[in-house]
Amino acid sequence: MSALQTVKFYQTGTFTVGNRLLAPEERSVQANMQRTNSLNSGHRACQGCGEALGARYAIDAAMNATNRQLIAANATGCLEVFSTPYPETSWQIPWIHSLFGNTAAVATGIAAAIKVKKQKGQGQDVCVVAQGGDGGTTDIGFGCLSGMFERNDDVLYICYDNGGYMNTGVQRSSATPSAARTATTMPLGPEPGNPFGQGKFVPAIAMAHEIPYVATATVADLRDLENKVTKAMSLRGARYIHILVPCPLGWGTASHDTIRMARLAKETGIFPVFEAEHGELKSALAIRRPLPVEEYLRPQKRFAHLFGKNPAVETIARIQAQADKNIRRYGLLSKEAA
Amino acid sequence: MLKQCEGSHAVAEAVALCRPEVICAYPISPQTHIVEGIGEMVKSGELKDCEFINVESEFAAMSVAIGSSAAGARTYTATASQGLLYMVEAVYNASGLGLPIVMTVANRAIGAPINIWNDHSDSLSQRDCGWVQLFAETNQEALDLHIQAFKLAEEISLPVMVCMDGFILTHAYERVDMPTQEQVDAFLPPYEPRQVLDVNEPVSIGAMVGPEAFMEVRYLAHAKQMQALERIPQLAAEFKSVFGRESGGLIRSYRTEDAETIVIAMGSVLGTIKDTVDEMREAGHKIGVLGITSFRPFPLVEVAAALKHCKRFVVLEKSLAVGIGGIVATNVRMAVTGMGLKGYTVVAGLGGRAITMKSLTGLFEKAGRDELDPVNFLDLDWKVVNKQLEREREKRRTGPAAEAMLRDVGAVAARNY
Amino acid sequence: MQKPFAITLNPGSSLANHTGSWRTARPVYLDRLPPCNNQCPAGEDIQGWLFHAESGNYEAAWRHLTRDNPFAAIMGRVCYHTCESACNRGKIDEAVGINSVERFLGDEAIKRGWKFAAPEKESGKKVLIVGAGPSGMSAAYHLRKLGHTVTVMDAGPYMGGMMRFGIPKYRLPREVLDAEMQRIADMGVTVRLNSKVDNILEQMKSGSFDAAFLAVGAHIGKRAMIPSGDAAKIVDAISVLRSMEGEDKPMLGRRVVVYGGGNTAIDVARSVKRMGAEPIIVYRRTRDKAPAHDFEIEEALQEGVMVKWLSTIKQAGDHQITIEKMALDDKGFPQPTGEFETLEADSVVLALGQDVDLGLLNGVPGLEVTKDGVVKVGTDLMTGHAGIFAGGDMVPAERNVTVAVGHGKKAARNIDAWLRGETYAPPPKHEVAQFEKLNPWYYADAPKTVRPMLDIIRRQSTFEEVQGGLDESNALFEARRCLSCGNCFECDNCYGVCPDNAVIKLGPGKRFQFNYDYCKGCGMCVAECPCGAIKMEAEEI
Amino acid sequence: MFQVRIHGRGGQGVVTAAEMLSIAAFDEGRHAQAFPSFGSERTGAPVVAFCRIADKEIRLREPIMAPDAIIIQDPTLLHQVDVFAGLKKDGYILINTTKTFEQLGLGDFVRDWHPERLCTVSATELSLKHVGRPVPNVPLLGGFAAVSGIIKLESVVMAIRDKFSGKVADGNIAAATEAYDIVVAEMREALTHHA
């Protein structure tokens, strides 16, 4: 071999859910034949529902990470309505729905009860997840969420962000993106769609609470999502994971495009995927194939008013600027970030 | 053990004796001393195996309580007034889910105008929320009712509100007989939830229920309260056998044997009324008192029975159903439907207005002469009110009524004294 | 637990709600034809054998590969791997190094001594094969597998045919060739070397053969009319290459002009370079018009072979030749310019193509020969004479080893059917898995593994193999670059991405199944299937 | 039933004084009820607290409008609030002051009252002296035990021990005891002078 020139060796890898070539312990939770299916078949989510997918991804991962010692509290919203209409529930885990705006607090209560029971030697070490949509998290449930954060209660809160109140017919939330059409931000007037300069990015606010763990994820990066849930479950105290879950109904996209849309959101930088510990950014999932935001906007009917005969070039540029800001702020193009 | 202490402290100690596991606290006058007291006990280690959580709002307090109760922990919180209103959505939810939370309401008026003093507007605004509501007459009863409340709540799987007059009871130092831990343990068994979030037996709690079953669910909530109606007197009897004193129950009569006039009221004002009645009895008036302890469930049958032999009743209540008159009175009237009794509603003590023996004596004497209006306002400053009404008649818009009237009264701050 | 009515529900009870009724279209699994397979002249199931290689089961991979082509080690060296041009991965980064993995598998097989099993049942039929080259030996292999008694006759002293006499050692080491030839003989194939068949009908009759497959190759070098003096040394390329195999190396002198632009020209030039000569290739057109593979030209240039593009030899004399410069016309044809140049040349090697020696077919009734001097055959490769089939360089087709090997397989199948009085009907081809059917996102970034090259000094002076093989780790890596176009590789994507858990995972090797009770028909599994192995079909309503 | 009303300002321990008074009475086996004039207690604002003492259960919940005794923790209130409202004639008055009733301008108001029921004690000074802080409530209770005779000094001491501990308790006991002695002397002098 000495006479042979050096060969470069490239690490192989995969972005798929499973990989028959990996050792079982290295495979994703979703690849497992024995996965929990915490959110089971028969639920009434729309075709191609990103939230149904995200919830199963996250909760299965949490179940896996906690050896099935998990209780979930759920906010009112699509996820609740489609999963638990009497007389059937799709949940296979202990689960409670109380109200729209109190999920983080309900979870705090559950965690407190578990702690006491354990102290008394009457209970196991059970972990608590709270989950809700963006409305239940960034708007009406924000007070309870912030309270749970600042007390560092032993709860993982998962927000499934689809950018609006889809359950009630696609109204604007504080997570609705700029320029998006909703039933309450119609594409009319001088600034059509959701106004620029409004809204909030709760992961950043969560970071400001300096809680042990904050992460964002999308349904397009399963392994990343599962890793984050697993990591979160290995920590104690308040944790927050914000998962982008495209909504075919609210976004006006094809039911088969749900994952693609999430991927585009991440690849354009409009949705930064990162993790932070105790208020400090730790890593970001690097953009693999940089794309202009237009690629993300164009397939969505909620942005249809930006295209057509007279494209809203300036508006698209403003959205691009938002993505560029994310890319800078979270280092989405840096190699080290991955 | 007898001791002289503040009402809030007595309740705090009683709650601690009930071995609560989760307590959530958000400060609002006049409830603060209760949770402060328990918090101190938790922090010092005196109360073990209890999580004390300082939440960010009453809404969160009740929500945390929902979570912990659903997870099988004996759960307690306390609130008042605006706090109760702020948590209303969760209040309904707790009862809807059948979670046996016990909550003290240190009764206080509801704004606007903001007012921190006592009346019953807060609890009574929640009369239909599905909770059991028990009203304490004294600090001793407040203490005792908490012990009974946990047992009642957990047996029927419904939340219970123990209502005690803000400041008048919560901040009053008086003698109470504090039971021992052994006594409380003998009376109150450990919490065994009917339904619980358990990883070994997972269920989904809080399903969405449509028209096909919602009526039934609501009826069952009503049926639970009917069960409570049976259980409350039994619990009072059981309580007596362990603790040796009368406390709780549905209603309590005082000198009603031959009474022509029976005054009906709830809470601490019963004491003042009893003193007034004693004096009037000495002066020859045939007058008695009926105290209602259980406002929800409302003891229709018992109230009717208690009023069977009187000629008239006067409901003196610290609440106002704006636009109709009394809240308690409306309930009482339902109980005496068809009995042909004269009934008077007296709205008194709103926002902490003192209810004095002097005023009561005059009122009851008038009642005895059947000179009362159907709805009366005790010690209302008619001069101020009429002047304002006159102003309003002249000009449709006159600015905030409260400010204008305070100008008329000549004070910027309401004074008891 | 005393569950409250309606508010509290039993876990997982929604299974009673069959959401499959919402569906207007249903996903179905299918296998599409990978473009590499579609392209392979030897009809290899490339994706299929790569699938086994990916998991490190090289023997299974090799056995899968050799279902179609028994010469993995040879193919891995001499096949021009047009499959790689068709490879969809080329549209992502670079094509999968199919050829290098194939070679790795072939070498593994030799190293590990893997053999082909003899057939379980003998058919009792006898087939004669004329020519022990790639086509003949391929046919021998397939026919033997099918249980027929096979005799191979060849005029030469070794098995391999043009693989031995037309391909230099530095591209195909002889021990590799011998090993793969011998493995076929070891199946119970009778190989008679140094046995020229002069008359096929007689040979069949005397040997009681039921059928014959002719694959004698094209061994006769074409000559060109070049005015030359007596002293000029002009030889043909095939003779030169053949003589390299024997003891007597050709005496060509120091300056050797090779005339032609095909692969043979390159082979000769590179071979004589290794013998210490200074080869110059003279070709009448440009590099990009040359029929030789560009990588071969490149390697030759690296090794110091000179090339005169756009040149024809006008005259050959003693130790020198005259060449005329050419220019391409509008249509890309070379036209003389009248400019001349003289080159030193101790010899001229003509590499202008080869002809077939059809002598053995004289007098065979029904047999037809084309004007190009090759045998006419039908799509079943049967000549005009029933029972006589032909393939390889002696029939009209592209002339290369892989095509020849493919002919062998195809002929074997047709002969087998013919022997049973049937007609072979190839299974219908699946639709090709075009790039557009794939979701390339899921393939990790992984540029092609570069095979090691012998360093330049050794390449210029020895016949050691120029291109190295992959070692196990990088062969595995290269195999794993396969996109598995159109064929499920059990990535679990459909199983994972279904929001309704309507995909049932059947376990390793068993793929998946849809649970149409719950499938709402969103189509996410189709969109996110990396390899295009699912499609949507409208539900009948 | 003996009813006491205590006037002072937020921060002077007015409510605590009423509570301690009730504890002292309780310690003597009597029923007692102490309660503040409910409100948001702000430092410096006029504050009133009440205490009823009786030999049977106290049911009455109305504010004390006709007290048997008044304790005034801050004499500046005299000109702000009608501190004497409803005070029964010949009731007890104890004022935290270095001045006399005459000097405070109350001479006419109490002209023909029992002089031994009208006492002053500079409780603020006593508390500064013994406790180190200007909190006049506890010393006044000592004085009140003397002037009213409704409770014993020993009961006040017990109530102090109930509310405070250590140095603060000791200081307050010393202050209350001194106040008690001052008032006893004052009463003796008043009786002597009157006689």
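By letter and in written order, the chains are A, B, C and D; residue numbering begins at 1 in each of them.
The criterion applied here is as follows: a residue touches a chain if its C-beta (ideal position, glycine included) is under 8 Å from a C-beta of that chain, and two chains touch if they have at least 3 such contacts.
None of the values given here were measured: they were computed from a predicted structure.
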Chain occupying the most central position, where position means C-alpha average: A
More contacts between chains, A-C or B-C: A-C
Distance from the mean Cα position of chain C to that of chain B, given in whole angstrom: 92
Length of the line joining the C-alpha centres of chain C and chain D, rounded to whole Å: 113
Intercentroid distance (Cα basis), chain C paired with chain A, Å: 49
CA centroid of chain A to CA centroid of chain B, Å: 44
Sequence positions of chain D contacting 2 or more other chains: none
Set of chain B residues in contact with two or more other chains: 97, 198, 201-207, 209, 213
For chain A, residues that touch 2 or more chains besides their own: 83-84, 86-87, 89, 91-93
Interchain pairs in contact, sorted by label: A-B, A-C, B-C, B-D
Chain A to chain C touching residues, read off their complex: 1, 3-21, 27-28, 30-31, 33, 37, 39-45, 47-50, 52-53, 56, 83-84, 86-93, 222, 248, 254-260, 263, 288
Residues of chain B touching chain D in the complex: 2-4, 6, 29-30, 116-118, 138, 165-168, 171-175, 268-272, 274-275, 352, 354-357, 416-417
Chain C to chain B touching residues, read off their complex: 1-11
Residue numbers on chain A that touch chain B, as the complex places them: 68-71, 73-74, 80-81, 83-87, 89, 91-99, 101-103, 105-117, 119-120, 123-124, 126, 143-144, 146-147, 150-151, 153
Chain B residues within the chain C interface of the complex: 96-98, 157, 194-196, 198, 201-207, 209, 213-214, 216-217, 220
